[in-house]
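Okay, so chain A shows up in both of these, paired with chain B first and chain C after.
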Partner chain A sequence: MTTTERHPIRGAEAAAKQVSPSTAPKKRKRISTAEKKRRRAGWLMITPSVIHVGLWTLIPVIATFYLSFTDYGIFEAPKWIWFDNYVEMFNDAVFMQSIGNTVWYTFWTVPVSMAVAVVVAVLLNQGFKLQKFYRTAFFLPQVTATVAIAMVWLWIFNPQYGLLNAMLETLGIPGQAWLVDPQWALPAVILVGAWQGIGIKMLIYIAALQNIDESLYEAASLDGASSIRKFFSITVPMLKPATFFVFIISIIGAFQVFDQIYVLTDGGPANATTMMTYEVYRSAFQEFRMGMASAQSVVLFAFLLFVTLISRRVTKEED
Partner chain B sequence: MEVKSRMRRTASVAMVALMGLGLAACSAGEADTELNPDEISGEISLLTPIFEGSPGQDLLEDELLPQFYEEYPNVTVNVDYTTYGNLNEKLTTAVVSGLVPDVMLMGVGWIEAFADKGVLADLGELGLSEDTLKESYTDEIVEAGMWDGNVYAVPIMLDTRFGVARMDILKEAGYDSPPSSWEELIEIAEATTVRSSNGSLERAGFDMMSLDARQAFETILFSAGGELFNDDATAPAFNSDEGVAALGLMADLVNKYEVEDIGFTSTDDIVNPLINGRAAMGIAHNNLWTQAQEADPTVLDNLEPFVIQGEASGMFFGGTLATVANNSKNPQAARALLEFLSSPDAALAANEQRGNVPALTELLDSDYVQSNRFVQFAMENLDVAQREGGPSQWLEVRGDFAPAVQGALLGQKTPQEALDDLAALVQTAIDR
Partner chain C sequence: MTLPTIKALAISEQVTVVPRKRWFHHAKGRQAALINVALILGSVTMLVPFLWMVLTSLKSPAELAQFPPTFFPQEWMFSNYAATLDAAPFGLYFRNSFVIATTHTLITVVLGSMAGYALARIYFKGREAIFLAFIAMLMIPTYTKIVPQFLLVKFMPLFGGNDILGQGGSGWLDTWWALIIPGGLSASAIFLFRQFYLSLPKDLEEAARIDGLGEFRIFAQIYTPLIKPAIATVGLLTFQESWNNFLWPLLVTTSSDLRVIQVGLAVFQQLDNTQWQYLMAGTTMATVPMVVLFIFAQKYFIQGFTNAGIK
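And now, the complex of A and B:
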């Protein structure tokens, strides 16, 4: 069945096009009336969504682009300054550092959490006794407020009383000041990000795993394939569409990391963990520079658009 | 103990409230023009970063506002609670949306920006003048609420930072009194620092990490005789020789004298290191006394406040001030609430709840102040205390101080480089 045949409206259009020329006027009129009703109903149904997207997405996006070219400090009307914000932004060492930190954070959190998630998903798809409990446990961080999670990690990372240093000490490894040492602060934040992202990825992978035809595994078993061979030759290839989906949403999520930085490090020490979103926040709410914050948001948007387009191109065949 | 404390507080509030009936127009209320409660009516909003959390809300809603309503029965107050951490967001969205609260409580250093941009009402036009305020507050505190020669805010409470020593630890090391100079501070800090056999720090000689890096630097800067800005607040002055010496001292305490390691304490610590003995000395907030009363009253006798003494006396004060929105639809009702919140009874109760320093000079003799050694010490030394802020761009740049200080402490930059880079940023903001 083609897309046109499946789609009720497009299907009707196609049917209308197939009407013979001699009978076309009469029939077109009759179908047109029905079509109008259908279209009206369709528009009626999507109107709330259109209004919602227009009000809460389209207008803010347009406003952001406009404000990025202005000097807008909330107290006075925006003043058009062309590309001044962009010039200043790309000469700002802290913002450039935030781009580097964000890319580095994404580079580590996305593949690590994806790799862990797929392994966990496979393990939790074996049908053992406490499977539901473990699935819930792994998914729990996803539905827990990041602020609460960050508070727990603050305790884990505490250099004096923290769990992590206590564990290391039992192994004879000296503890670190994880969140205040510039060498360790970003890795510590990455660890939290990777850990928190496992749940949702695991869920998507489990759903994808359950769609894999069992007969493939049965056939592989008959051929004497080992579990590892089955994993790499059947599971991983069959999870490809899900993997690309997870990859895209993970990258977008990683680029938008904010709350754990806000709670864990405040961007410090000495800007070692500041991210693009955190700089947007600082510009907007600490420096009251909405124009600059908008310009930084546009750059963030451009990054995400670029990554998404690249991914779309790579995954074109899969789509 | 909790009940007793609450009863004491309630009794104290009641007593002060009775006093307040007779002093209806004291302090800020000693205005040039009197308000007539019967003529004032309307609904007003209050944005407050203090009174947050259950105890604060209970105090405001169950004790203070009922007193206000008794005097102004035709006024309704809608309270919007926040914290200082989120006040920026609240005010930003309020200003952008045009829904500025009628009465806003904000910090020292905040007034300049909002007054400069016309968000705040000139209280002189509402009947409060600089001269009348200076009868009740020290000059420096009144000036924290002024901009361009006009009064825009009335102080309610102060947050001060000064040195605190654990005298039991100092005495063990052979010192009978807190340091009276930077040299002594270094000497005592070195003598009281304890490290384990593997070199890990067990007790800091001088703790600076459990305090915001900016405020710690400012306290040391003031003790070096330095200032944040020049006299007319048009250029940074913190990268002067005094500023470099101050940041140099902080960096040396960490890297040269090794009296504290980075990360040994943090602003997130639940118990202050001076209370649990993880630090022998440190820069602390005045509410450390209240914290110690709750956490471990046995250490109270050993906590000794001191002004950090360098070329000058170093003590920092911030605080909370009450303002009225310029576009308030009920300015007289807003003024009434402002006067009420800054009146002795309400201000005292609010300060007691937070362990803070009352801004009103006359409250030095109150039971609360006399029973709280740190608050008493702060009030007695307010003449040497200096505040942060200055230019109207202060809110824009204050967030840049901590990374600069941290950069110097971490050895990423020299103190001179860190402060010069920061000064360049600040100057750009001022010139913008």
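And now, the complex of A and C:
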């Protein structure tokens, strides 16, 4: 991996810069009819996509920022209220709690699943016979729907008949009410998030491990280094760019957790598991306060933008 | 592939094949055995919820009311599946999801590959600007556009009783349009296609041009056949994402006829949350297609996920 390819945004920027030079125009010559035809074909090919992305992404983003400064309940026209939504939001204990919950959820799911993922990736990279089976097992939660998976966990966490409490019981640990206990609900949600998030991180780590030069390990073996030593002195440093990439996309993903909250807890009990996304959903589609929902989603966007910018800073300094 | 997460393609090629070194090159016998045990334990932890889902779906209500629970069903109640289909129209939900996911995949592959080709291989005025705009759009999180997207659907002019200004009716709400059109294409699919087309050599198009082929034929007959694996990758990811999508169908549909399977599951759980054997049977039905698809097309999925970063 070259330095520009290890970060999503930077990779994209680099791709933008390398706009294929071969097809760039050769100075300002008269354009032949064949060339004109090509250009027209190019436009024809891209127009449907431009319209689609423009209508369903560009306009909505602009509208979100606009609506965040309005009071808008769908039935009357939006009323411009400057920063009232933002002021109200930051005085709203529930929204503040949702920020706290989101950060807490991210703080636990991301490192835990990253740690498991890197260990599994390294072990899988040894090339065992059952390797394909292992990879499938760890990756399966990623391809199946979050709603379906959350449904299964809802059953596992069932306080009366659930598998988890049964297993704890056999170990002599008293069961918990999990999702209905304000103290345990968020940890339970975090457990599901971490469990589901391992697969994708593992894949990226496996890809990165493939790129480590085998000769480094051979040289270390000749010097008599142990496997553990090799892991910490070769593998860990060589995985740094991948770790960084995984870290960023995981944070962005974790901040947008929604489906499992909807199924598992509905944000409860007592708002113990409500997330920023869930508050956006509630404001917009339960209270029909489109302006407020937009303002909340702008704050969510600001968080993600902040993470992205910081990450760019850090990579730049490293280069 | 909604996230701002495009991984440059550099690492993708190597992802799929983990070289099959003989284990004893890397680990001595006992160590290898230990690692295998650890991996098996880990895999089982990952698979237990799936196994539990299937086993629960085959138990009787009386058995489910036991604590501690039995692991395997005392009596295998395959009739639970028929009963589940009677309790809620999962067949219809299943069909709806399938229709939507297939349509999304077709639209994405056709429009996305055309756009990707144009961005990669044709020079036209404004191309760079369009490309940069697509990249910027890639980074927009779902929740920063969902409210206006809903409003656009609601106020779609001349549909669902709306007048030309989009007032008076319900627009595209609770219609196939809302389920199919907005999610039909993503900037990330276009970006991935562009990268694939960019990696192909230029001589082909020059030769084709000399032969007098038009641009659309060069696209359809020369270049696109060369990126079949990319089409499979993007197509499968689109299908998977569409099948698993929950929030959007939840927002734009109300009638049971248009419910997709994920929403159908959630509604079923809310209405009738004590019948765990039926709920798990429904969940199994919602999960199995993706599991099967994944097992058979693992190579493409893995390549796609490594490229697209995260779902």
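The criterion applied here is as follows: the second predicted complex is superposed on the first by the 263 of 319 C-alpha atoms of A that agree within 3 Å, B and C clash if a C-alpha of one lies under 4 Å from a C-alpha of the other, contacts with A are read in each partner's own complex, and residues count from 1 in each chain.
Note that contacts are C-beta pairs under 8 Å (C-beta built on N, C-alpha and C of every residue); 3 or more make two chains touch, one makes a residue touch a chain.
This structure is a prediction, so every number in the text was calculated from the model and none was measured.
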> Who does A:L130 touch here: chain B (first), chain C (second), both, or neither?
Replying inline: second
> Which partner does A:L67 reach: the first (chain B), the second (chain C), both, or neither?
Replying inline: second
>> Is A:L154 touching anything from chain B or chain C once the two structures are fitted on A? First, second, both or neither.
In response: both
>> Touch test for A:T273: chain B only (first), chain C only (second), both, or neither?
In response: neither
> Which of the two partners, first being chain B and second being chain C, lies in contact with A:Q256: first, second, both, or neither?
Replying inline: second
> Touch check for A:F285: first (chain B), second (chain C), both, or neither?
Replying inline: both
> Looking at chain A, does chain C or chain B touch more of its residues?
Replying inline: C
> Given the touch rule stated above, what does A:E76 touch, chain B (first), chain C (second), both, or neither?
Replying inline: first
> Is A:N211 touching the first partner chain B, the second partner chain C, both, or neither of them?
Replying inline: second
> Intersection of chain A residues contacting chain B with those contacting chain C?
Replying inline: 74, 154, 160, 284-285, 290
> Which part of chain A faces chain B closely enough to touch in the complex?
Replying inline: 73-76, 94, 154, 159-160, 174, 176-182, 266-271, 282, 284-290
> Quick one: in the complex, what on chain B touches chain A?
Replying inline: 88-89, 92, 95-96, 113, 117-119, 198, 200, 209, 261-264, 266, 268, 278, 395-399, 402-403, 406-407, 410, 412, 429
> Can you list the residues on chain A that touch chain C in the complex?
Replying inline: 1-2, 4-6, 8-9, 11-16, 19-20, 22-25, 34, 37-39, 41-43, 45-46, 48-50, 52-53, 55-61, 63-64, 67, 74, 116, 120, 123-149, 151-156, 158, 160-161, 163, 166, 169-170, 195, 198, 200, 203-204, 206-208, 210-211, 227, 245, 249-250, 252-253, 255-256, 258-259, 262-263, 276-277, 280-281, 284-285, 290, 293-294, 297-298, 300-301, 304, 308
>> Touching residues of chain C toward chain A in the complex: what are they?
In response: 3-8, 10-12, 14-15, 18-23, 26-27, 31-32, 35-36, 38-40, 42-50, 52-53, 56, 64-69, 111-112, 114-115, 117-125, 127-128, 130-135, 137-152, 154, 181-182, 184-185, 187, 190-191, 194-195, 198, 202, 209, 214-216, 219, 240, 243-244, 246-247, 251, 262, 265-266, 269, 276, 279-280, 283, 286-287, 290-291, 293-295, 298, 301-302, 305-306, 309-311
